[in-house]
Every structure is written in structure tokens, then in C-alpha cells.
Amino acid sequence: MLEVLAAVRAGALSPEAAAGQIGALPFAEVAHQVGASVIDHHRELRTGVPEIVYGAGKTADQIAQTLHELAKDGAAIATRVDAAKAARVRELEPALRYHELARIAQLGDPVAARRPPCASIAVVCAGTSDLAVAEEAALIAEFLGAPVVRVSDVGVAGLHRLLARIDDIRRAHVVIAVAGMEAALPSVLGGLVDRPIIAVPTSVGYGVAIDGLIALGALLTSCAPGISVVNIDNGVGAAVAAVKIARLAWRP
Amino acid sequence: MLEVLAAVRAGALSPEAAAGQIGALPFAEVAHQVGASVIDHHRELRTGVPEIVYGAGKTADQIAQTLHELAKDGAAIATRVDAAKAARVRELEPALRYHELARIAQLGDPVAARRPPCASIAVVCAGTSDLAVAEEAALIAEFLGAPVVRVSDVGVAGLHRLLARIDDIRRAHVVIAVAGMEAALPSVLGGLVDRPIIAVPTSVGYGVAIDGLIALGALLTSCAPGISVVNIDNGVGAAVAAVKIARLAWRP
Amino acid sequence: MLEVLAAVRAGALSPEAAAGQIGALPFAEVAHQVGASVIDHHRELRTGVPEIVYGAGKTADQIAQTLHELAKDGAAIATRVDAAKAARVRELEPALRYHELARIAQLGDPVAARRPPCASIAVVCAGTSDLAVAEEAALIAEFLGAPVVRVSDVGVAGLHRLLARIDDIRRAHVVIAVAGMEAALPSVLGGLVDRPIIAVPTSVGYGVAIDGLIALGALLTSCAPGISVVNIDNGVGAAVAAVKIARLAWRP
Amino acid sequence: MLEVLAAVRAGALSPEAAAGQIGALPFAEVAHQVGASVIDHHRELRTGVPEIVYGAGKTADQIAQTLHELAKDGAAIATRVDAAKAARVRELEPALRYHELARIAQLGDPVAARRPPCASIAVVCAGTSDLAVAEEAALIAEFLGAPVVRVSDVGVAGLHRLLARIDDIRRAHVVIAVAGMEAALPSVLGGLVDRPIIAVPTSVGYGVAIDGLIALGALLTSCAPGISVVNIDNGVGAAVAAVKIARLAWRP
Amino acid sequence: MLEVLAAVRAGALSPEAAAGQIGALPFAEVAHQVGASVIDHHRELRTGVPEIVYGAGKTADQIAQTLHELAKDGAAIATRVDAAKAARVRELEPALRYHELARIAQLGDPVAARRPPCASIAVVCAGTSDLAVAEEAALIAEFLGAPVVRVSDVGVAGLHRLLARIDDIRRAHVVIAVAGMEAALPSVLGGLVDRPIIAVPTSVGYGVAIDGLIALGALLTSCAPGISVVNIDNGVGAAVAAVKIARLAWRP
Amino acid sequence: MLEVLAAVRAGALSPEAAAGQIGALPFAEVAHQVGASVIDHHRELRTGVPEIVYGAGKTADQIAQTLHELAKDGAAIATRVDAAKAARVRELEPALRYHELARIAQLGDPVAARRPPCASIAVVCAGTSDLAVAEEAALIAEFLGAPVVRVSDVGVAGLHRLLARIDDIRRAHVVIAVAGMEAALPSVLGGLVDRPIIAVPTSVGYGVAIDGLIALGALLTSCAPGISVVNIDNGVGAAVAAVKIARLAWRP
Amino acid sequence: MLEVLAAVRAGALSPEAAAGQIGALPFAEVAHQVGASVIDHHRELRTGVPEIVYGAGKTADQIAQTLHELAKDGAAIATRVDAAKAARVRELEPALRYHELARIAQLGDPVAARRPPCASIAVVCAGTSDLAVAEEAALIAEFLGAPVVRVSDVGVAGLHRLLARIDDIRRAHVVIAVAGMEAALPSVLGGLVDRPIIAVPTSVGYGVAIDGLIALGALLTSCAPGISVVNIDNGVGAAVAAVKIARLAWRP
Amino acid sequence: MLEVLAAVRAGALSPEAAAGQIGALPFAEVAHQVGASVIDHHRELRTGVPEIVYGAGKTADQIAQTLHELAKDGAAIATRVDAAKAARVRELEPALRYHELARIAQLGDPVAARRPPCASIAVVCAGTSDLAVAEEAALIAEFLGAPVVRVSDVGVAGLHRLLARIDDIRRAHVVIAVAGMEAALPSVLGGLVDRPIIAVPTSVGYGVAIDGLIALGALLTSCAPGISVVNIDNGVGAAVAAVKIARLAWRP
């Protein structure tokens, strides 16, 4: 924009023309078309978080092209990529790394992307069935530069398992708590630790669990104040929220 | 029925055979009309539990007449009676006793009704807002002859409160756990005690609590196996279920 | 814990260090990691019921390892295992027994596990479509040591079928009633028998049955007081709840 | 229409003009405006059932005027009129008769309306709380000319009450079954009688009853084929459906 | 029952009295076990309608055996049988006939079953996507002995199609109206014909149609009184309800 | 903005300072605080429609102040104002006009506001209970400058009423169709007229009508393509949508 | 109809017979049976829009026949046809053209169908996952004769992308806005442009998105007045609604 | 606990007795009964946040007593207290301060409570109807020691209002975004600022807004990653979550 304004001062551009350019400019310059989607290289500047590709509704081709374009900034990541699709993406991008449990495909080296420094995050998980979502959260958090502590299978029906790990959890600065079914874990955690807690309901369960809606509702009505919640199975959202907090918490 | 009994007296029918016939036989003759409803004096013989009047949709007149008729068997009880209606019932039945918190009206003396012997029941309650439902359960259980231990305000966000009372709970033979909002208490209890647990979701909460539906769903999806559940705010149902169990558990 | 306290008395441990160890200890000693999941051998001591493996979200490998570890206590069982997955588990654990209707895989001999003595349980089933859930409940109850009576295909639209078996049901001490669609069976049973009734809604039905939600709702609003309910298709939960009751009811 | 066509034959009307008139005519002539609503005196000719005024969203004035206009055909009836509104309507129409339980206001003499002959209808009701809806159905059926048998308080948790009245029900030609909560009555009836059954769910109940939605769902998923259902609390709809059937069943 | 009939032969019991006794009498003796299900040969005597096999949750073996047993009464029918399963049933019962659109399998000759006489039924269908459900209703009605008129593709967005067939519909004694999406057809029909109307919502539609729930709700809230409704896609239920009515309407 | 840019050219403002001002400027200048809300006088310039005050959650004071401020542009209107609140607003703004049926309060003269020219709109209403919503739509449309034709009480169960008015509807350029319960009217209209149709579901109805959700669902699944829908009872939204269309349709 | 009336005038037809013929005639003559469905060649005359075949529930045969019949009017189109089915249709109709992303099959040349003239439509799309629905809307609009501007991937989380294209959107006369997940795009658009906006929610999303129901609800509750909405994923409905408006907006 | 352990070392307590005391002790000592509820003075030590009284289900007496007890730690606060109840509480506690819009009652001086230092929080609010919830969040945050910036009435339908305040929002360290209806504000904010955003859906709206459920769903499905959400109208929960974060962000 400064270039445009300098041109105005220099008389090379009329105020009227400048007004038009200024309205369109800061947005147009970042638009870079890859097939039908628009790559937003400036997103990280604006929001602190690069674009993370949601792979569920995309073809292997679309994923490969988008990762390729985004990885020019250092590294790029796609979620909800099943093993078969990942194999097809790797044919196009041989450098692709794939994490099967978390269904995550990654291109490039996150270290090269030089993220802001970040305090540590604990990813706590109620049951083994919730591990896929927990691992998605942990990998995205690490991709964004956070040190992560994983604490698994500490559901409240076996309270001793949770208490045995409570100090590990307390040492982290932010807690991501992943829980399906009745999702009681974050309520208990909320009474035991004073850290910000981001809760992720999972679609684990059957019958009246209704694909995670009961877990979601239980988390939102938790009697432990200060828990905030993201969408069902949304490990990515929890990781981004936690990293934004952990960056604020970082001390050199 | 008189004919059957006469046949027994005449020696034409063994008492054993007569007992069988009377069990199966005439339903019509026990029907005794009070206004529009039918009083079933034989219900206690068949199911072990006398009729408990659901006062919500009835007028003070209907409640008074029905309690009067049922109390001929010793004692009678009506639930969901608000204070104003209870006052009008007492004008008709001056011997009425009323418990405001539990919204219960009672006529006659349960002791006189000579219930079967019964082991003890713990009524455990997550928050003070759940007390009305818990007290309904406790009073109905006592009306049916059970010794009751009350444990209140032991929600899981303050786990130490619950652990401080856990031995009181373990000493009972059956546990009624009353919880609203995310209803995590019974899941935690289920991992700590080996007694049968009847859980009662309450309509306490707001927003996504949806009048207790989330609490209900959370209880039904609890990761602690062996918890069974009754309708939202249904202290009566929980008490009847618990008493049926506690009678089986009774030892002289 | 006594070892720690003895060390304190002996002066080998400072009170401060002991405080830290006691917080972590009673829980840590029972935790035993198998892959990502934590096997809880002490669960049966605490809750009276051993861990039952929920096979739905697990691989054949995970099921085989977990059953192997748990069967060290005598016997182990996994539910929601389909025939194909069971075949793969059996390749890893040749001693595996598999019940196809109930989708249950079992390792070891429950008798060897020496369960507490237990009174009898009737598993009553409304229609042939509900048989899979009823059989899951029956097998789990037997695994936990209960004698089981099976009564099938006695839905209320053919009341005579139910009445023909009512005496068999009355002889049991606890009743598990399995019903889909409008789930009227437990309401009728509740007026005919005085035993505790655990009702299991099933996902049988179509259209407005909504995968069992209507059956669940109908059971929870039953006009027969004292029925308690578990999650849709949750034969395991009903069996555990019933066994806890039946153990209380047992007389030598 | 014959007038129009005769005019065409007589040459007084061109075919083109007649085509326009015929399109508009058969409908315009029956429209008779009362305030904002249109009275349809021809409805009974077309559908066999006169207009029944739904009083819930109308003022006393609107109800009075509409009943006055409709009663010109012999008699008229309005539903969902509470006692206070009925009193205000009677000030305008002193001949009004009012049934408080059913919340029905009636003007004129149904006998004078000379309905078609009609076989008998049984109105069967599960609990006393369902009586208001049952009585609405019974009164509307009588208003339309049907002989009605009332059978009340025969819920399935006291099966003997129902069996004691089953012959009365079998003697009718059509059955209206009114039931709230889990609404099991019609399923049991469907296995005991061979008459057409119209089921009416009621909003009686609390918690997961959800204002009658569970009762509705239970009726629609009934295992007894041949039961058809109307909206929650819709005594009017059930009565109209039953009368249409009973007229077909009538034998001199 | 043989005793009762012997008493009749001996002249000790009038046939009329015997008929009454047989109707009420023993239920247990009609139970005839086929695999896990109970065949109820007396159902048609009690309810006027033979058992119709719901094929969705059954194996080809179970369907074949049950049809074989039921066809001893003349003819038997199974619904919700897809083409592949029907082929497997036919291997076991070569006389099987199969209707692919309606997914119905039939054994034996309904004419041989000598149903009661029956007035005619119109099966009216809003769109071509609703045809499968409509045909299920039509075939079941014919199986039960009813003459059927089929009227297809007369949705209200093309009102002229419906009006072109209205006289065919009016000539029938009962109307089954099948409609998906917004299900407006029965409301319009209800204002045009004076016959009883049984409406069947279908699961046709997408998005907010929610598998037929909106169609169901629209039918239940229809402004045309006297329409009664069965479960989504429940052609069988509509046919049974309609036949019960049409039998009452039959005139020699 | 031109002023700012001119200042840059004149050297009175540095490019950097101008960049900051331009970001903030076009928005700040229209903000005009009235109590806690921000009056947006430029909204009509941007969107063609002035701000319409939603009165439901506001006090009489807030409504009066906001109307006063907005009426400086000629005229202002508030919806969802009940009679009691309207009376209190009139004490503060004596020139207020109030329409009780539509619950609309108006200040100033819409004619003075000089709206763009507009083609005519038909507001069609299924039942008398829907009149309040229909009138809200009609008054807002008139406030925005549209000529309105009102057609009332033309529900599809009396098809002749609708056909009698169909030419009046066809003469308008846009149709607003207001319907509650099963909301079949717009589907029928969609097959009879070729105009754009905006449908408004209403909360009229009971039981499974669920406060208008079924009407909404029925409208969205209408088999007549080209109907678009607004929120339940949202007469305002329908009027604004219709006026935007009617302005496009206007011919001098 | 004129022929019939002429025959009356000529005396060749009695008025009575003519009345009967006129009732049946205007509808019967357009019915043209193709298999089970009725082709309505007059629909375009009545509603301005030809029949568009909904391919989801139809076989390749049915689609081929129906397209063949409809294409006699110039061109015909079928939606929701997947690639495999399209291949089978093309075997029967080799001239078929197929658009894979939009799942649309087309026969004949829309230009030959001579549609009414039409102003331009902007199809705006929030994310790449919404493209299939947006393209369905765009192709149908073009099929109906509208010039279409496509604006893709302008979700509100990257506001600059939307602002960069806002002038393209403003130049169109009607806007179709396609958005899934939280569907915020139309609310923002509603504050930026003064054109009629038809919003299409999509089923894109997971967890609490509930197959598009949240997007639908968000659109219906939009704070930007004047947005109207069609069913989830209903590109066809949006296109038809938009074209009806754009035709009104057309200026030579 | 150190006292107990010291007693063990001193030999005054056996290890066995100490084990029992340690299990019960740390919890029992903080329990301090006020009427039926348990005051937890140690909660702030454990979780960093003092108990905040939820006033909705409590009497004025209970609120007064609980505030009195809690205020011994410096200050205490109760939410969801309406004006009438607040007046009754003030009779018991004359020092009570009351904020009517936010429905908050406060006793004592938060400054005296010496909270931990805290970075600043922006409370951003979409519409004036959301102000009550926003003010609840702001007041609780201030009570917990946070500096708060309030930004009101910046809904996305008037994007310029939001952009005019964006720098104020960016200067805060954490953002609480309060929005009802379609709740699009946080999605837009998420693309404009890089701070952690806690979103609060409100119950503002009507019809399909369903008491805030759509707003909640829209927030959870937001396309802007990193937004976390609390229960509908839960200003308290958002404030507690934000303060926990802001404390981490604080720099001296």
C-alpha cells in the first residue's frame, strides 16, 4: 500500500485511481490460484497459523498440488487423509510423510518454517479409542512448533490412572483433553489443574452417543468452569487454539 | 374369589391350587373407581410396590381422594405436588404431611404398612441444585422401608469432596447417584464402588443441557459398566428400582 | 503404601519425600502398559468386574494382545468383534472361542477365574431381531458367573407368548428385558413381576425408530416404576448391572 | 356450472368467456367471509365432515362469530377453548355449551344436523392424565353422530384392568386408543382385537417424554401392524378418522 | 382345546360358548418353535391378519423356514427382502415368487387362504421415487384379499395430474396415500375425498428431509382432519390398517 | 477517502499516516452511538434497505431512542413490539403508530423516505392463525415502498378457496406465501404460478409441529422447485427479500 | 377446452356432458406416461421452468427414457447422476453430455429450447468443498438461459479474498451464495451488496455440522435481512429461484 | 499431611492408621458446610479460580449465606441473579453490589482478594441483544483481575463497524467473542486477529435459532481454526477460560 501512496504523493496516480487500487490491492496480491482453490500465503502473517489442508473432500491431485504450493513457505500439512489416498498423493509428491493413526500427510520440514517460540502442551486422552484424534492434535501442535507431552488412557472410571499422571499434566502450560462417550475426563481435570483446558469430544461410542453429540454436550455443560470446547473429532482446532495460548505463555 | 375360597373350605380345592387361581384370576374385582381413576389395591401383592400417585396432572381433589383410598392399606404418597396444591389437599385431608424441597405429600404411617425388610441405600448428589430430585428419591425409598444415607454436593470438579465421603457410600448396598449438567459423578463412582448404581439425570443446567437430555445421554454412555439409568428428574423410579434390589440384598 | 510408611518410620524416607510418593504410588503400581492401552488388573478388586474389551474400535492385534494380558487373571472377553476380525484374532490366539450371533470372543476359562457366587438372571427378549443383543447380555452374565435363563420372542403384540413363559421369568432374581421398536415389553413385565428389571433398548426398527432412540425413550418413560435402562444395544452394561444385583441376592 | 353452460348453448356467452367463468366459479360461490376467515359451508358435502373450529389461536370474538355462522347448518363445535375464553364466548352466544375437561365449546344441536348413520367407536385411555384428550375424541365423535364407548385407566402396567374391559372394546367397530409416556397400550390392544385402531399419543409425561414425541415414536414403531396414528393430543383428528371408518362399517 | 371341542361334541357345551372359550383360552399351546422364533398360527384368528415376516434382520435360512411353516395356513409373505437374499431363499423354497420393486417374497397362494371379503383400496403415490413403498402397500393389501387401484405420480406441484385421477380415487372405499419430501399430497386429498385416508411418509428426499422425518411430521400436522399415519416407508402397516377398514366396508 | 488522498498529494499527510486513516475511515464516520447500539445511517446506501429495529430483546427506552434516531432519515419501524411495550414507547414518542396484529411500531412517514420504485407483491396466507406473520410481512413491504395484495385463508385442504384467488396472485410480481403446520400451500402455489415465491413457515400448530420446525422442513423439501424460505415467523425477512426482487421487476 | 365449448354451442354436446369433460380435460391431455412416471410437457407453460429430472432414486433406464421424452421440447437435464450411472445412460442416449463435478447429465441443446431472456446471476462459493453444489446451481441456471458469473473460495475467514471479488458480485443482478459448515458468507455478503441473495447450505463439514443442518440453521437466522434459503445441497432449487428473479430483472 | 507423616516418624501413629488418615484427610479438612452446600475455600489454590455462585437455582437466603462465607477470602460473586432476588439478598447482605444488565451480585472488594497479574482481554459483542452475556463475561473477568476492553455491536452484516474497532481488539491478548443467531462474528475475527478467541453463543434469536443451539453449532463448525467455544450464554465460563490464558500471557 505504501507504494501506491508514494505514487500518489509523486503525482503519478490520481487520488481517485488510488482509492480504487487500495480497495482491491491488499487482497488481490495474495490470491494465487491452484486449480479451483486459492492459496493464501499471507494467512500466517495475519493469523499466526499457516493454512492446514482439510483432505476429506479433496482428491489426491488437489491435495498434492495444494501441499506443493504451501510447502514453498517451508512445510505443509493435510489432515483426514486415509492410507489409500495418501499413497496416491505420495506418487505425486514422493517426499510426503504419512502418519496412519492420525491420518495426517506432511510435506517439507516444519523446523524450516521457523515458527514462533512456544510453551509446552499436554495432550490427554481418555481411552484408546480416542487416540486417533489425540494424535492428530499432538502432530498439528508439533507442526506449529509446540513441545507436546502425550498422556493416554486415563479415563475417569479408573481414576488412579489419571492421578498417576497428574504431575506430567500439571507441568505443561496448556492442556488438550480428548474424550468420547460421556466425556467426564475434562470435568475431573478442571478440578485438578489450573491450566487452560481445550476439550475435544470424539465420535467414539454407540447408541445414544450419537456420533459424539453427547460428549460435546457433556463438555459444554461441564461443572468445571474455564473449559472451552472445539468440534467433535477436531484435533486440528484444539491444536491451533492451544498453540495460540502456548505462544503467549512462552518465556525465554 | 369368594367362590374359590369357598371351594377351598369345602375341601374341593387344595390351598396351593387356590393360590394359583387367585393370582391369575379376576382382575375386574380389584378395580375400585375413585372419580375417573382406578385404584389397584392388589398392585403391591403383584409387584412389591404400592401405587405412588403422580400429582403433576391432577387436581387437589383427585389427589386427596386417591391418597385417602390408598391410605386404607396403611400409607400413601403423592409426588410432584407444589406447595400451593399441597395446602389445598391438606384442607381435605388434614393429616397430610408435606416435604417442600421434594414436593412430596404423604398420608398415613409407612411403618403401619409393614414393608418387606430392606438393606441400606446411599443417595449421592452432585450439586446443591440436584437436591430436590435426590430428596424425592430418598423419601420414596424410606416410604418403601429402606434405610437411606444421604451424601450431597460431591461433584467431580471437587474430587476431594467425593473421596472424603466414599466410605459412607461403600457401606450402603445400593447407590442412587443424582447428577445434572454433564453428569460425570456416576462414571467416577462406578470406578470406585462395586455396588449396583442407579443414576438419575436432572434437568439442572442451561443452554446445551437441554432440560437434562445431555445428562441423560452422558449417563447412558458412561464408560463405567453396570450403571443403569432412569428418566430425567425421576427420583421415584430410582427409589423403586433401588428398593427392589435392596430387598434382595437384605440379610437378617 | 505400607512399605513407604514403614520406610518413614525407619527414618529411611523424609516425610516430604513420602508425601510425594504416596500421591503417585497407589495408582502407579497397578498400571501395566500393553501397547497404547493400559491394562488394569486391579479393576476387579475395586469394582467386582474385570475389564471387558470393547472390540469395535480396535484392530485384531490390539484385541489379541489385550485378551492375552487380561486372561492371565483366568479368562478374558471381547465384545463387538465381527466374524472376520475374530478369525484374525484366532490366528494370534488359537485358543480363542467365538460366538457369532453375540459377536463375542473369549479367551481362557471363566470358571478358573472363580467369580463370586450369584443368583439367577432371566434374559427376556421381545423379538427375534433382538436376539443378538440378548445373547450378548446372557454370555457376559455367564462369563461373570451368573446362571442365566433365556426367554425369547415374547413381544407384547402376542401377549399369550409372554404369559406362557411368565413363571420361568418369575423364578429368576433379576430380569434383563431386551426390546426394540416401541419397546413395550418391559412395561408389561413391570406390572407382572416384582424383580428388579434392567431394560436394554435395541436399534432394531426403521424410520422413526431412529436407531433405537425411540425404544430408549419409551423405556425411560415407562409407566411401570422401577425399571432402569442402559444404552442402546448395550448387552454388556445390562449384564454387569444385573450381575451386581444378583450377587447381592445370592443365598447359599 | 350448468347455468353457465346453458348460457353458452343459448349463445348468450362466448366459449372463451365461459372458459374463464368455469375456472373461477365452483370455488367462488362457497366463499363467505366472516372477519378474516372464510367459512366453507360446502366442506361437509365434499369431505363428509363439517368445519371444526380450532380455538387455540383465536379470540373469543372470532370463535363466537365463526360458531354462529357454522351453526346455521345445524350445530358447530370449537376445540382448545379454555374456561376463561369459553365464558367470554358465552357472553356473545348464550346458547353455548362448554365441556371443561375436553376444552370443547358447542353451539346448536348435532342431532338437528342429521349426520350419516355410524357404527360404534370405543375410546380407550391408558391413564387418568390422558382423559382430556380421550374426552375430546369422544365428544367430537358423538358430535359427528357416532355411538361411543369410553374405557379409561387401562394402562399396560396393570394388565388385568385392560383384560377386564376387553370385551367392551371388542364390541365396538373402531378403536381410538389414547396413551402418553411410553404408549404401550395400543401395541397390546393390537394383539388382542381385530378392529381398526387409531392411536393418539398425548403430551403427558416429563423428562425424556419430550412433550409426547416419544409416545408418538413408540406408536409409529409398534410391533402390532395395522395401527395408524395422529398428531400428539389430536383427539379431533382421531375422532374424524374413526367416524369416517365407522360410517363405512354401519349396517342398518 | 381338544377338551373344549369334545365337550361341544358331547353336547355339554354350546358352540357359541365354546367359541368364546377358545378365543380367550390357552396361549401356550399355539407356540410352535422354528429356530429361535415362535410361529403364531392363531394370530389370524385373534387379529384378522396372519403373521407377515419382516425380512430385514433375518437370514435367508430363517426366512425360508418361517415362510415354509406359515404357508401351511395357505400362503405366507416376507417384506424387505433384497434381490440377493431372495435368490438364496428360492434355493431353499423353489416355489417362492419375488417382486423386486416392492422387495417382497411370497410362498403359496393367497386365494387358497380364503381371506374375509373386502371393499376396494386406492394406493395413491406422489412421485415415482415413492413407488417402492406404494407397491409394498398394494401387494400386501392384495395378499390380504383386497381389490387395489393404483394411482401413481400425482404430486401436488402438478395439481392437474391429481385432479385427472380423482374419480378413480373416489370410487375406492379406503385411500392409502404415499408421499415423501414435504408430503403435501394427503392434505390436498383430504379436502377432495370423504374416504378414510391412511398416509405413508417415505424416506425419499435429501438434506433437511432427514430420512422421512419431515414428511412424517408434515402428515401428522396436516390441516385436513381425519388423516392417520403410519411409520416411514411402512407400506405393510398401511395395508393392514386399510384392509381392516375395507373389510368393515364390504357389502355383498 | 478522497479528502485523505488529496491531503497526501498536498504533502499534508504522510503515506504511512494515510494508510492508517484509510483503514479506519469509511466505517468510523457512520458510527453514531445511541446508548449501547450503533446506528448505521449508511446501511440503506449499501444494502438498499434501512435498519429495521428488532424490538423483542429491547426496552421501551431503547426502542424509542433508536426509532427517533433512525426516523431522521424519514421513517423508522420496529417489529415484535407487544401492545404494552408499544404504549410505553408512545409515551416517549407520541407520534408512534402501532399495528397490534402485526406487533409493529412505526415512526415518521415512509413516503417521505422516498424508496426506490417497486413492483407489486402478493402476501398469501394459509390459515387465519398465520395472519399475524402475514401482516408483518405486508406492512414491512409497504414500509419499503411496495404495493401489496393480501390473500388470506386459502389453505390447501379447501383447494377451491385458493383457486378462487389464483388470478389475484398471478397478477403480482413476487409472492410471499405464509403457512404453518404442514405448510403445503407453497408447494401447490409453486405448480400454479411462475413468479418467485418466498415462503415463511409459522410456529402455528401443536404437538409434532415443534414450533414451526416441521413447517420449515416441509417448505425446504418442497417438490416445487424455486421456492426459497426464511426463518420461522420471519415476516420481515420475507418482505425484505421480496422487495429486493420487486424493485428489480419494476417497469415504469 | 374451446373445442368442448364449441361443441356445446353447436348442440353436439349437452351442457351436462360438457361439465364432466371440462373437469377432467385440461389435465388429462398433458399426461404422457413414460414407464411409471408422467411427463408433464405443459409444466414450462404453467411455471416457466421445464421438468428437471432428479436422478438419485432412478435407474439408468428410467433416466434415459425420461430425458429422451423431455428433450423433445429442445433439451433436458438430470441431476444427482454419478459417473457410473451416467456411463450407462450414455449407452442408451449417446448424445448425452456429463458434468462430473456437478453430477449433471444433459441431452439436447438448451439454446434450442428458446428460454425467456434473463439478467445475470453470480454463483458465490465459500470453500472448495462447496464447489460441487455451486457448479450444479451454475449449470442449471445456464440451462435455464441465465448468464452466470462464478466466484469461488471466498470464505469469510479470509475476508480479503471476498473483498477482492466484491465488484464482480455487485455487477450481477441476483446472487446465489453457497456455503457449508458455519455458513457465514451470506451474512457478510448481505451487508455488502443490495441484490437478492439465495443461500444454499451444503453438507460439507463433520461432527456437529450434522450433514448441513447447522449451515441451514445459520443461514435462516442470519442477521442480514433479505436472505432466503433452499434445502441443503439444493443447487437446483437455488438456480430455479434465481432465474425466476433474473428474468424479472432483465432489461433489453 | 506433613503433620501426619511427622507423627508416623515420631512413632505416635502406626503406618496402618496413617494410611487411613491420609486417604481421607486432604479433602475432609476443606469441607465447610453452609446449609446443604459445601464451601470449598481451597478451590482457588487448586484451580486458580475461586468458586463463583450460580444463582439460578438458589434462594436469596442460600445466595446470601454462600456469598458471606466465600467473601471471607476477600470477595465473592453470584451470577444469574434477577433484580427481585438481588433485592432480597441485599436485605441480608447490605454491602451487596448489583449489576442489572449482567444479573451479577457481588460482595466484598476483588482488589482485596489479590488475584495473580493478568494481561488484557477484549470482550467483543455482535449485537445489542448479546450485551447481557458480554457484560457477564466482562465483569467476571474483571473480578478475576483482568483488564477488559469492551467492543459492542460489531456484527458482520455491518462489516465496517467491526473493522473500525479491529485495532482495539488486536491490542488485547485474548478475545472473548459473544454472538447469537448465526454467530458469524468469530469466524470473521478468526481471520483478522492472531489472538486466542473464546466464543460464547447466545440464546438470542427465534424460530430455528432454537435457543442458541444453531449459534453454538455455527461456532463449533467455524472455518477459522483455533476458536474454542463455551456453553450458550455462558459468560462465566468464557471469562474463566480467558483469564487462565491472560495470566499466562502476562509480562511485567
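For reference, chains read A, B, C, D, E, F, G and H in written order, and residue numbers begin at 1 within each chain.
Assume a contact is a pair of C-beta atoms (placed from the backbone, for glycine too) under 8 Å apart; a residue touches a chain by one contact, two chains touch by 3 or more.
Worth saying up front: this structure is predicted, and the values here are computed from it rather than measured.
Counting steps between touching chains, the shortest path from subunit A to subunit F takes 1.
When the CA atoms of subunit C are superposed on subunit G, the rotation angle comes to 180 degrees, reported as a multiple of 5. For the pair subunit D and subunit H, the distance between C-alpha centroids works out to 53 Å.
Between subunit A and subunit G, the centres computed from C-alpha atoms are 38 Å apart. Centres computed as Cα averages put subunit C at a distance of 58 Å from subunit F.
Work out the mean CA point of subunit G and of subunit H, and you get 49 Å between them.
Multi-chain contact residues of subunit G (touching two or more other chains): 43, 158-159, 190-192, 207-209, 213, 216, 220-221, 224, 231-232, 234. Of all possible chain pairs, those that touch are A-B, A-C, A-F, A-G, A-H, B-C, B-D, B-H, C-D, C-E, C-H, D-E, D-F, D-G, E-F, E-G, F-G, F-H, G-H. Residues 128-129, 131, 152-154, 158-161, 163-164, 204, 206-209 of subunit C are the ones that touch subunit E when the two sit in their complex. In the complex of the two chains, the subunit D residues touching subunit C come out as 126-127, 155-159, 181-184, 187-188, 190-192, 205, 207-210, 213-224.
Residues of subunit D touching subunit E in their complex: 43, 46-49, 52, 119, 173-174, 190-196, 198, 216, 220-221, 224-232, 234, 236-238, 240-241, 243-245, 248-249.
Residue ranges on subunit D touching subunit G, taken from their complex, read 1-2, 5-6, 8-9, 11, 15-16, 18-19, 22. The touching residues of subunit D, when paired with subunit F in their complex, are 23-24, 26-28, 30-31, 36-38, 40, 42-43, 54, 56-58, 62, 201, 203, 211-213, 216, 231-234.
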